[in-house]
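In what follows, structures are represented as structure tokens.
Two complexes follow with chain A in common, the first pairing it with chain B and the second with chain C.
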Partner chain A sequence: MGGLIEITLGIMTAVGGFVDISELVFAAQAGSRFGFALIWVFAFSTIGIACYGEMSGRIAAIAKQPVFNLMRQRLGLHWGFPTLIVSSIVNTITCAAEIGGTALVLHLLTGWPYWLLAILSTLVLVVVIWVLPFKWIERSFGLLGLTMICFAVATVQLHPDWHAVAAGFVPQVPRGLPTKDLVVFAYFAVAIVSAVMFPYETYFYSSGGIEENWKPKDLKVNRITTTVGFGLGSLLAIAILINAAILFRPLHIDPQLPGSAALEVAIPFGTTGLLLALLGMLFAISGAAVETGLSTAYSISQFFGWEWGRYKRPHEAPRFTIAWLATFAAALGIVLTGIEPLSLVEWSIVFSIVVLPLTYLPLMLIANDRKYMGEHVNGWLANGIGWTFYAVLVIAAIAALPLYFATQGGQA
Partner chain B sequence: MRRDDPLRLLSEVRDLQIVDRDGRNCGICDDVELDGEPGSPLRVAALLVGPGAYSRRFPGWMMRLVRRVAGQRVTSVPWNCIEKITGRIYLSVTGESLGLRKVEDRLERIFQRIPLS
Partner chain C sequence: MRKTAAIILALLGLSLGPSRADELTDIRAVRSFAAEAAKVIEYSNQHKVTATYTVVMKNQARSQLRNTAESTDSPRVKKYAQQAIDAVNANDPATLKRIAQELFTMEGVHGRAD
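Let's turn to the complex of A and B:
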């Protein structure tokens, strides 16, 4: 039973964290613009997040160290503090994008004004986090977010050419594209790597492991949730991409709004499909809003050594509580300025990838430190994958900003 | 590692989480205070915790900014109050008895007045 509960945490991280608003927007746009040619980037990045997720969970179980304690300890104040500032800003922007996305989906469902729905959904999320025990929040968002499976069912119903889909898993750059489109392809590749490997996912995941007091016996569950859980999330994102390639690409539709993705289920299944897709998106995106809001609070509290934890009552970790309340307030403030959620998604993607190398370096260092990890130190496989992705992340981090400006955020 | 074992101060003590006797977080070791005279070996006198201790590790402009935002509070943790150091610094006493957790405890009392907290 205990194992099943922990796997739920993995599934929630996969569904609520993997398929968030940025996945929806970039998967749908990637499919409509480049067909199946970007599937491999989703698959490739999933190996990366599974590897770092497993490592952060293993460190939580063995060394009992959350990510921002490690960062402070290994990078020191001079690198750690700027990383804290930038990642808190990125988390808050991401949280704003998720709140904006939640409000957009609710607007499609109710027709009420966007700004009012943004305020209402933030209030509901704050009350839910304040009042409900975390286990309940985790299970409700996790299980309701599984409605997103309707996107995969729609894929099967749309009868794609499975050989062509399988060919999309092979690393490739489409032939015959003009240079301008190649640059946009590169921007999408970097954006997908960033969206899949969002830094808040490891902050959230490893902090959960420490709160649940994982021990060496939990390493097996950790391995299953990071591979199967993240793999499931990745397949849902890939389903959104495939549906967009089949439905939107032939009509030259560029699905920039998160709501457009819901059409992928509405076309094969009608009103019921539309409703299921919107509800799935609502729970997945609002689940991600909870994760990003809490992740900022984790980062700050761990960096300064305060009491923290979502299993504690709000008064038991008061500065942690103030930090997540402030994050939601700031995120709502950003949404209410009227900035488009799509722009927020793009900024969070571009700035996230800049933070990623600094987030994962302390993880790699501790996971290789026998003094902390004993016999559970990284093996050749974890090191091989970990350092390969580290190199990819550094290159992507350097390329992200120039590509963003060169393509005007993928619009060129 | 025990209190009297030799250690590398910067990598093994500074920036570590401090946990008190009751398992509660009491901040981070922001700096160390050394004791000694010319010609005699240096000894660690205390760990320093608080914005006044970590802000001086920043460049000048940032130090002033951090002090303006977070204040200059420094709490001293005597070396003989440390039980062991294993990835975290474990105290043999409560945080309150050393003057740690002041802000946390004050806020905790305020939060307890809010319903459902």
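Let's turn to the complex of A and C:
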């Protein structure tokens, strides 16, 4: 019974914590711009994050190693240090985008000044991390984020053409697009892969496994959470895309702000729908802010071998504590410069994809190393999916910057 | 160390952002903000969204339209952006919809994918 509850909570937390500001923005824009044609990219990337998430959780349970320990061991200082620098920059920018998004949603709910809400929400997040143990932090934001299910309910209410939706799951490039739009399509595909497979998700997930002292008996929960939980979470992102294709596309709206996405639920359900959508977005985005802030501190502390973890009191891991406090301070500083959250989302998406191959290579190597993993090394399926996605990520990493410039960040 | 410096330089280059938008990009932006504002005002009139949401979304649409009007080199985009701002101020969804439709037609074959 206890195991079933644990699995259910794990799945619910994974579902509620799946969508963040980048998925929200890119799913809505993808639906509005290309109809259902990019659904398959969400589905495809979800297989990738489920595979790497499972692997990182398994390594945490068996080898007791978090991602950045592995990175230093396997890549050495030569590649490990640049990866640490870039991923810390990426995480901080992503954290800024999430704080900006949180403030924007609160601004839509209260009308208070954006800058004041950015400061207040950062303070609240810092207090929450300081006071709550890891499990509570993960579970509370994940479970509250389940309010995002209202987007899926809206999809059902909007009665889409389900055959057309199903056809969207088949890999495709829309026919008859001019070359310029084909390039934009490619940019969106790369951006969605990056948004779904953000590196901070693996840092946070595997560090969480160690925080919660996972053991081999937890491998089942790990497998179900990453496959079922991430899979259902991805359906929420796909629901946002479908709603945008049905509601925004015919009206010539390319939603540029998180606030526009809330209209997807307001249109079928009125004010109640709007408030539910905004609350769901608030919990999902602020949960992602917590994850990105902590991920930076996890990465730095693990790389340098410092004491780390929220299972310790803040003064028992002082450098870890300073690292996550500094990340939130830097992220808030970025938000207060007045850079729009959407720009931050775009930068974090493009930077992330560049870091992804370096993040996942050590995972693949350790997951195949019997010395660390014993009988729990990768099987043929994990290796097949893992290396296929690795090749995709390398190609996407090479293409990301040229596509970003060629499409003016997808706006061309 | 050289690798780190190269990566940071690449990131700094990226942070400068892509080259300035062309006219088509500006047309798309004004079209979308006008259509978005039209929908928000329409739903506000039907009491389907909160008053605070309406005020914030209208402010954001106005601000984005003003930014586009200031940064564009295209006189016709400037004209449409100003008309859209006036329509937002006047709570006039019909005019906003007309502007969005005209701009969508102007995008022509380079409009959105079908």
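The rule is short, and it goes like this: the second predicted complex is superposed on the first by the 395 of 412 C-alpha atoms of A that agree within 3 Å, B and C clash if a C-alpha of one lies under 4 Å from a C-alpha of the other, contacts with A are read in each partner's own complex, and residues count from 1 in each chain.
We adopt the following convention: contacts are C-beta pairs under 8 Å (C-beta built on N, C-alpha and C of every residue); 3 or more make two chains touch, one makes a residue touch a chain.
Not measured: the values here are computed from a predicted model.
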(message) For the combined arrangement obtained by superposing on chain A, do chain B and chain C clash, or do they fit?
(response) fit
(request) Please work out whether A:69 is in contact with chain B alone, chain C alone, both, or neither, and reply first, second, both or neither. (result) first
(request) Write the angle, vertex at the C-alpha centre of chain A, between the C-alpha centres of chain B and chain C, to the nearest 10 degrees. (result) 130
(message) If we overlay the two complexes on their shared chain A, which of chain B and chain C does A:313 touch? Say first, second, both or neither.
(response) first
(request) Report for A:336: first if it touches chain B alone, second if chain C alone, otherwise both or neither. (result) neither
(message) Once chain A of both complexes is superposed, is A:275 in touch with chain B (first), chain C (second), both, or neither?
(response) second
(message) I'd like to know which partner A:183 touches here: chain B for first, chain C for second, both or neither.
(response) neither
(request) Check the contacts made with chain A and report whether chain B or chain C touches more of its residues. (result) C
(request) Considering only the touch criterion stated at the top, classify A:149 as touching first (chain B), second (chain C), both, or neither. (result) neither
(request) Classify the contacts of A:34 with the two partner chains as first (chain B alone), second (chain C alone), both, or neither. (result) second
(request) Tell me which partner A:120 touches in the superposition: chain B (first), chain C (second), both or neither. (result) neither
(request) Quick one: minimum Cα-Cα distance, chain B versus chain C, in the superposed arrangement, integer Å. (result) 5
(message) Let me check the overlay on chain A: which residues of chain A are in contact with chain B and also with chain C?
(response) 78, 81
(message) Using the touch definition from the top, list the residues of chain B that touch chain A in their complex.
(response) 15-18, 24-28, 49, 54, 57-58, 87-88, 103-104, 107-108, 110-112, 114, 116-117
(request) In the complex, go through chain A and note every residue touching chain C. (result) 33-35, 37, 78-79, 81-82, 85-86, 89, 107-111, 174, 176-178, 180-181, 185, 249, 251-257, 259-260, 262-263, 266-267, 270-271, 274-275, 278, 343, 347, 350-351, 354, 401, 404-405, 407-409, 411-412
(request) Would you pull the chain A residues touching chain B in the complex into a rising list? (result) 63-65, 69, 72-73, 76-78, 80-81, 130-131, 302-308, 313-316, 318-319, 321-322, 372
(message) Help me check something: in the complex, which residues belonging to chain C touch chain A?
(response) 3-4, 7-8, 10-11, 14-15, 17-19, 21-22, 24-25, 28-29, 31-33, 35-36, 38-40, 43, 47-50, 52-53, 55-57, 60, 64, 100-101, 103-104, 109-110, 112-114
